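Take a look at these structures.
First chain A sits with chain B, and in the next complex the same chain sits with chain C.
So, the complex of A and B:
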């Protein structure tokens, strides 16, 4: 076999990508190693995150040195992550489906590029800018108008209670900001798919006497369902890992599970940023190691989500064609 | 008698059908209105974000932003602007050769199992939350390798973040170049590097430039992976010892200003946060327009 230096050089460059990924996983795993043993499986199910008494002499617990009273549990952050992303999906899906349908069917082709460019532009707006808008506009709106209104009318349902007291920071603010950030992902995916539906399918539905809306909802939407679900899962992956925007509006809840839409929360990602400073004060380093374990948990959650999105969309054309002829 | 019964059933069937028709028409109308409202609810907040940032940002705009540093050293953003430029450019210097090289490999020689694996792992890296990469760099670059909180650790973290984007966009761009053009090059006796750099790359240049610009936009907009790798400093680089200062001192960047200054109580800090947000938004907007122009210029039919 002939040795081709040019190809080998290119191969070496491209192998740096898997190498970087492997290094990230490996070093987080090695570094979190002692924490994995100390925290055990209860890591995910414990509610309390307590660094312990950092000023006393460390004690040996379960074979490792930790500050007395240290207990690392991340259930609150896992719940906060899943809830905020889940609610964001619940808000974003109907909005982006409606927007994509309206863009593809009603908006004149000449106006469409302008609107779709605006939607695409959002995809590159940095997440701190969303957080900034959240603090400047959304949080006061929820704190002064939406929260009291929801609590006064629906306050007998526990999840809507407590809107009058908080300043607007909390689960709902985080979910709305996340929803805004992921709407363009879902909407552009769906818009692309809708534009690819063959003319014949639309026309045959019209010929059967369907109204324009029925053509879209009953003939076109079923064809793009898989793509839509793939886009939603992709957006979910983005929402789960989002850090700054959530950190800025979520209220930073600790050690208590959220009980209503207005409860302060922390997500896994925002917790890492907000806690590293205090974790560095731990002389045994166990807090920093436990944060590495959290980062691993986040990595695994997003990996599963993105793999799911990939499985849903790979090998399938954007439009699922039912007739065998195509 | 029997005729009239038949007649009445047929008319009643007709009224039933028209009621159903009416329902379908009304449902469709409601559906369209709901879709229109959805579009407004999507576009409205987005326009509001642009408006809020532009209005507050331009109100806070003054020349001192560009020569004075952030408080407590000054009343501007110069240290953050400089830091963002330094970190982004260094990240691009590291990432572009790797990303473009990987993209070339994936497009030209990657149609096998190895290529598929690299592609898959590259997608995994793209999907990895940026804070996870930042935490890795904090442990390994800042701690283990002893780089400390400084521009190099921040730039390498950003580079890890953008390499997979660059690789995939480069690959897609190169695949747009017709195979016949490569064959024509080989038929003239050109070597592989010549074909790739003299024929394929020029043809795919607009795509590669698009990828690089998008990567630049990402690196300018990132915050989370920089907080514990680049740190933050209210002082610009010490220009009397630029290399030493670059390698060892913490460095400011615009997105950090947005995040931390909006949480300060005073109006001046808020104004700086909005000014920083405006600069970042203008930059991202400029890149977006640049991308559109680049894409428009060359297209293979």
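So, the complex of A and C:
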């Protein structure tokens, strides 16, 4: 048989990435194995996270050697992750839709590349910079101005309560920082799609006497809807896994579910970072294994999100056809 | 999808750089030639500034030894020293009994003495030192004392007008030696704290309305400065920045019942009071030490090292550096900059005995 070195090399390289992914999953599963058994299904539904007394002799609990008092429950972090990312999406979508339409419709073509490059630049700002901005500007603003104002006027609605007691660290600060980080992702994805809407569609809509607003909302947006959804899910994936910026402004809520926009929260990714150092002091290793189990949960959540994105964006040509029929 | 590609590419790039850096590190540590030996230090962020003062001077005098330092956290320092990935694990806490039993070749060698301050942001109280005690702080951080004019705080501060305002407790959200010694003080002074929460580098903090979790000593300082009516605990190496931010420093109730401020004298008193009790393995807490005018939150900063090093050259280099650190390195020109105190001479002897065990 003829040996084809080029083909084989390409095959090996292309298999490397899925192999690495499989290796990570396998590692997480094996490493978290004892924790999966110890924590059971209550892992996701329990609120209390306690590493236990790492400085006492380990005791046998449910047949496994763990530090006394150890109890691992991650509901607080799952809720914190989903809420902060969800609110970030709510803030980011109108912002990025507005920005993309502005860039494609209002801005003169000569200025457009400069402005769209600026938007893209925001996407590559390291997250720790957003975190620092959050601590220096956003957190004091929420703590001293926005929080008290919202609580005094709308405090009767539970989600706006408590804005005058904390320091601005919490769910809202995390969501705003995340929103800023993901806005350029959605905006540039959408801008690319808007620029690809055929000129004919746009011009015929104008010819039919549609106003500029109607052209955008009725002729253009339906054609890019799936791209928009794809961009949103892509951004959601980034928000779910964001670590450092969230860690810096989230307030690190522990053992309590958030009750308002101003409650301190922890997200899964930021919590793993904040606990890893202490977990390594656990002589039974159960703490690190439980962190690996959290990583597994985060992996599953992002997998679901990305699978959703694939499903939605694969419907793209289909929607194009349908929108042409209209 | 254009963006997805861009992101994953930069991620790979970053991973690649990290891998290269890692390979470089292990490569250097592995090639322990007769002429140059490289020691890797990693761990406590409180000790990191001191190592950065030590290393240039030490390597200038000992050209055959190179030392790389990184700040990762005490837990990581201990874990990596046990795994043999690094030679010196810097830690604010000694290796626990359970860990010690599991890894009998791991030594905890004190390098210097550090302390922790309790700081608060109380408008109108600048320059005054509030009196606080373990039970009061435990009450605040458990959510049982919620107002500054609580009777317990008022009783400790006769003649001081306290504000009728909610207390904002600020704690570390990352694993920290500061959390370890703070919770050790609360455990030693307050049975209710000991039974409910104990001590650790990461406490399962009770939920309190308005509380803040902050990252690192710098984050604690920023959060306290930005939030009037907050109270927090900060490593003493930040004392100058704490003062510059206008935060108050509390006088704490010691084991003898007096309220003492963190000064070189009171910190030294705490250290001296445990000198005779320090066991040969030097794993002892100086928290809430007996003795007059002894500041209650004082600790040894440790080098966690393994007695069995890969070869004789590394062992000799390690001994040379550690012996230098606890003698020349303990002089005021280094320690004063980070507000640490030198080891008492009796402890220095114990440390030297431990250092001699490294092979």
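Operating definition for what follows: the second predicted complex is superposed on the first by the 312 of 326 C-alpha atoms of A that agree within 3 Å, B and C clash if a C-alpha of one lies under 4 Å from a C-alpha of the other, contacts with A are read in each partner's own complex, and residues count from 1 in each chain.
Simple rule for what comes next: a residue touches a chain if its C-beta (ideal position, glycine included) is under 8 Å from a C-beta of that chain, and two chains touch if they have at least 3 such contacts.
Quick caveat, the model's predicted, so the values are computed rather than measured.
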Partners on chain A (chain B, chain C) - clash or fit: clash
Contacts of A:225 with chain B and chain C, given as first, second, both or neither: neither
Chain touching more of chain A, residue-wise (chain B, chain C): B
First (chain B), second (chain C), both or neither touched by A:62: neither
First, second, both or neither for A:94, with chain B first and chain C second: first
Which of chain B and chain C A:273 touches, first, second, both or neither: both
Partner chain(s) touched by A:281 [first = chain B, second = chain C, both, neither]: second
First, second, both or neither for A:50, with chain B first and chain C second: second
Superposition clash, chain B versus chain C, among 150-158, 186-194, 222-230 or 276-284: 150-158
Footprint overlap on chain A, where chain B in one structure and chain C in the other make contact: 124, 135, 247-248, 273, 276
Contacting residues of chain C [partner chain A, same complex]: 1-4, 7, 10, 72-76, 78-79, 93, 96-99, 102, 166, 168, 171, 173-176, 198-202, 204-207, 209-215, 219, 222-223, 226-227, 230
Chain C-facing residues of chain A, complex: 48-51, 53-58, 67, 69, 123-124, 135, 139-140, 143, 162, 165-169, 185, 188-189, 192, 230-231, 234, 238, 247-248, 250-256, 264, 266, 273-281, 283, 313
Residue numbers on chain A that touch chain B, as the complex places them: 4, 6-7, 9-11, 13-18, 20-21, 23-24, 27-28, 31, 94-99, 101-103, 106-107, 115, 117-122, 124-133, 135-137, 180, 183, 187, 211-214, 217, 237, 240-244, 247-248, 269, 272-273, 276, 288, 291-292, 295, 298-299, 302-303, 305-307, 310
Residues of chain B defined as touching chain A within the complex: 24-25, 27-29, 31-32, 34-39, 41-43, 45-49, 52-53, 56, 97-98, 101-102, 104-106, 108-110, 117-118, 120-125, 127-133, 135-136, 138-140, 144, 160, 163-164, 167, 191-193, 214, 217-218, 220-224, 227-228, 255, 258-259, 262-263, 273-274, 277, 280-281, 284-285, 287-288, 292
